[in-house]
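In what comes next, subunit A is part of two complexes: it sits with subunit B in the first one and with subunit C in the second one.
Showing the complex of A and B:
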């Protein structure tokens, strides 16, 4: 290796000189050191170790590792000894987690105490190499790259360049097209909720049809169209049946679309689609727990606070001869949050 | 060495040498190994923040792999029949049922779930704190801007990864979060409804989202993150760590401890301690008890539905947004979701990404920086950082406005309105205040340099004047201080006030940098630059000069005690 005798090995080989663990030959070139007129000691003189301190450190570290061993053994014992059936598994969780935590923590602490107490605290100084290459190296790399471009004739052979670009440009299309079957197109599904003319109102939980008068004044009930199997089948269908006291409904249209002070409104917030659930009997305000949009249910579910822009859609309901409530028709407008295609 | 001592080479040493030689024979790794072991790492507590992020990622991989052995990413409806009695014979998805199974029927399963969740919180937290450390100390500057960009992508991925992860159990809380995410994507003009139909495979909720989120959560995103983290670390390794100014520290050297063995032992110990800490949380601090929330049901929601903290800023911006919606040509644009859910986070993450370029462009700082700034020495950057942080924190607080209102018995509406105003007016105020605060601290540092430390001793001079005795700052400390506040140190510090009026000129955040950068800064630093320009200047250049004056104009110097200089003081 004759190269290493070059006066500037840094520039030739691109490799920095590395001076590790000893003082730089000319540390006083920097502002910091020259003005202090004192050099910062980076000599790694062997530390003066008090043998008793050393012994004590060794004892500490080994004690921590010993603790790690014991805690790991405790974990193994607890895994088989503590039943997961007791106390909803909390006992097991605490024993397993506690012993695991102690064992990991002890191992880690042991390592760090080892490093801090038993290893020499040598300060080392190391050159930072140049972050960029020399101008010559940069030029050589650029030239090589451009020469390759030239060899391929990307500049001159236009037909090659254009067909290549065309081929590469089209190549990802199949990958994108293949995503098509990820889901159906929305079509009209965002407008449909599962409510049809004649759908009877059934309770969300019991799935029993709702009779006029079942609900007490001021009460609220979540209903679904009859025939739903799981709530997820009709995610837009959840509807609130609210019973007002006589004369409390302040909107003529709202009263007309209801039956006998019973009105039905979509439960899906027009903001972000959360099911609205917090009803205040006295003020007839309905609050969405997600983003606090508030609707005045006595006035056509008008928005009185929060980020929702539109009132909740009302479901027109009627009562049949047996006293069961049913929908007079589907929702007259899309329920839930807004989207681009919504008129 | 004598032959007798050679005979006594321990067997372990022989074996080690043999195996190292085996590897080197094939890979030629010896010089790499030597260089790596000798690599010098500087020491500062704030450099551990990134380590915490790295180690929590490792913990997430370990615990997450265990969880996949038991989790069923399926939305098939099943009837629960496990150990948790309150939910027995309840209809739920397989995803939720298998989460219950992990929690109640797999020994250590609940522990792994809780460690996984706590580690995820620690991961996102440490990333954000690490990012602010890098920002406030200027570590993002050249040559580390590429690594800043990688970090930005990692932050975004970590948030997505966390959201995908906590949506998997398909409980009532996470389902509500998914519902909101669906609505946010649905609000995108033109393509929104198509995007969500392709993502969810049907109208909400469909039956595909959990299995798709699962593969995103366990393969796609972590795979990308693993690659980016590797790149992040390799660049760090290659460029060597930044360091704060200090005795013997310059732009050209790195001072610290060697990687092997001290740093190696410490950092491995730190991994175990982080793991132990998270394990303790998993053992004793309950998190995400999905069995209390119940299975997801689109018809139900509970009050006080807060997401994990790193999503809270989105929740807050959704909550604070006024209810704007536009109906145009038979189409609807829901600004009430689009702005807080898409546009604001988009702006936030883009600002993070482009900030280094903006600062370098404005200050014409093209120099290399290996020494870090103290926040006070770059008041505008620090001010902007605190401003952004304030904006972000108000969004986070806004995500809990209902909890605040019910805890403190405030009016919910008033709370929201106050937060809306604070969101607009508090960040600029925070900027002003921070900048002022930084300048004050600079004053203090300069006073220390000029006057020295106040001793509290009052002395009467022969002609009757009383003075306070000031002791000069110790030389090493003064040198560090001077380099931190950006003084060009002259051989004789006390001549500075008389001879070196240049020393008082504004010098920018690049004062630690190379000479080339400093020239650019000092020529345009003073406020009169704009007024001097008469010839037509390109609009972008004029904007740049404005920005430059904004960055560097606020620097103030206190006059030296010398009589000749005191008249020109501010």
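Showing the complex of A and C:
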């Protein structure tokens, strides 16, 4: 620590040149050099250490370490003293996280201040040396390897050689077999949604069948086929029932597939399969929250913005004599995002 | 559902359950009868009220005056609507109470969506305007006696996630819609405002009528919204409760940015 000195003014601005793969001529030796037996440049300004500043730095560093000690102790105390059951654990989180942060910060800051204030600020250049070993060492290594191969007797011991090759050759097989987990092929599961001809529309939460007129004008409801069970079997079934005002549906086909301004559309976005129902009842825009695909629900769910490539499939609905809405048939096309076998 | 409905007795006028349109219609017929009788006695010669039940005709008249001053320039002298504003006939008192009560109306400017702002009208004035608009045609009434405290918060949460969360965010923090429109945060919404918004469907919001989401279910949704509002954030700052987006922004900008700055400081010369 006594070598501490400022860099020479001439050296401050210029970056040291770095040479790779070539030995530099031996520089003037210094203490450091002889200690490390390395090529090192030093600017040899005389050390100037203000003893008071040195003392002050020492005091600063030890104060930071003391803070670290206190914060670590605070963590230990808080771990037992502050209950994690109070306030949803918020108090405990704050105490533990806060004390740990202070403790780590103080230790780290102490080390940095130590390095900045108390360590000598020598400017040193250390060239890289060649990565080659000496030819003699390379020869020795080669001989050792070949002698080892000889000793193993791979050439003579046929049974060992063959079983080893068998073992190594067989080893990749499990990896290949495991690729089967990429399957099985989905077959028809991507084409079937759970909607059948005659399936009543029921509410997703209450599971009650939906009657014509239950929905207000400008309303939207998430419906499922009656008797739906696990989400995985009916993952493609979620359907939006939307009720328009009179004359608001601008597509004749859309109106024909609905009942009295009620229309049903798949809730699964045709882009990436997100469930969508960000429906704006005045503009009749339906927005997908994932990638901002926007569908015009008054015009056959036409895509008016965003990455979706197809309109949302419409579910043809009818009303029975009791006033309940039901599906006239399954979806006429696969719902949700594109897939390989989709036609 | 007939005249035997207890709601239709005059004593129960103030207790009309929330927006049950069939009951309300029955109630209104009976009330109009009773109202005509009473008015005939008290104000013979004055025009009879086409009233929504809970308000008397002087309130409607004061509401009409306020309407003529503050609303009629866009919505028309009789609330029939104009080139820039929709008709208010049949929107109901609840719609007017919501729009004026949250400061969305009178409209600030013709931007994508009316922002909520401070309501310039007093509570009574707002009620009077709502009473007048409610008298223009049958529509949802202002909900009263919201006993949401005893509702099932878990079921309310399920309903909220199915019907509301797609726009208003799972914690009711709101979110963006198309072309500058947005679903507002629900953290400052009062139970009455939430209820009114559900039955009237202000602006882009769909209407959630009482046949679709029954009044007790609406109470449960309100209970859920009010409950999550008071939930503490165990992880510290909630960062708007909009999920991983704001958390990532803070982690990258503040966390990693701060680390880079500290690293640069450590690497700098003493």
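Simple rule for what comes next: the second predicted complex is superposed on the first by the 244 of 343 C-alpha atoms of A that agree within 3 Å, B and C clash if a C-alpha of one lies under 4 Å from a C-alpha of the other, contacts with A are read in each partner's own complex, and residues count from 1 in each chain.
As a working rule, a residue touches a chain if its C-beta (ideal position, glycine included) is under 8 Å from a C-beta of that chain, and two chains touch if they have at least 3 such contacts.
What you see is a predicted model; the values in this text were computed from it and never measured.
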Quick check on the superposed pair: does A:293 touch subunit B, subunit C, both, or neither? Answer first, second, both or neither. first
Let me test your reading of the model: by the given contact rule, A:220 touches which partner, first (subunit B), second (subunit C), both or neither? second
Quick one: classify A:177 as touching subunit B (first), subunit C (second), both or neither. neither
Looking at subunit A, does subunit B or subunit C touch a larger number of its residues? B
Which of subunit B and subunit C A:283 touches, first, second, both or neither: second
Considering only touches as defined above, state whether A:271 meets subunit B (first), subunit C (second), both or neither. first
Based on the superposed arrangement, let me know which partner A:93 touches: subunit B (first), subunit C (second), both, or neither? both
Look at A:168 in the shared chain and tell me whether it touches subunit B only, subunit C only, both, or neither; answer first, second, both or neither. neither
Go through the superposed model and pick first if A:131 touches only subunit B, second if only subunit C, both, or neither. first
Of the two partner chains, subunit B (first) and subunit C (second), which one does A:107 touch, if any: first, second, both, or neither? first
Jot down the residues of subunit A that show up as touching in both complexes, subunit B in one and subunit C in the other. 88-89, 93-94, 97, 112, 116, 121, 204, 222, 275-278, 287, 289, 292, 305
Within their complex, state which residues of subunit A touch subunit C. 7, 87-90, 93-94, 97, 112, 116-117, 121, 203-206, 211, 213-222, 275-283, 285, 287, 289, 292, 294, 305
Subunit C contacts subunit A in the complex at 155, 158-159, 162-163, 166-167, 175, 177-179, 181, 183, 201, 203-209, 211-212, 217, 231-236, 266, 269-270
Subunit B partner contacts - residues on subunit A that touch it in the complex: 18, 20-21, 24, 27, 30-38, 40, 42, 79, 84-85, 88-89, 92-94, 96-98, 100-112, 114-116, 119-128, 131-132, 179-180, 182-186, 189-190, 204, 222, 224, 230-232, 235-236, 238, 267-268, 271-278, 287, 289-293, 303, 305-310, 336-343
Can you check the complex and tell me which residues of subunit B touch subunit A? 35, 38-40, 75, 77, 83-84, 91, 103-108, 110-111, 114-115, 143, 176, 179-180, 182-184, 186-194, 197-208, 239-240, 245, 247-258, 261-263, 265-266, 268-277, 279-280, 282-284, 296-305, 315, 318-325, 327, 330-334, 336-337, 340, 368, 370, 401-402, 412-413, 416, 475-476, 479-480, 482-483, 489, 491, 493
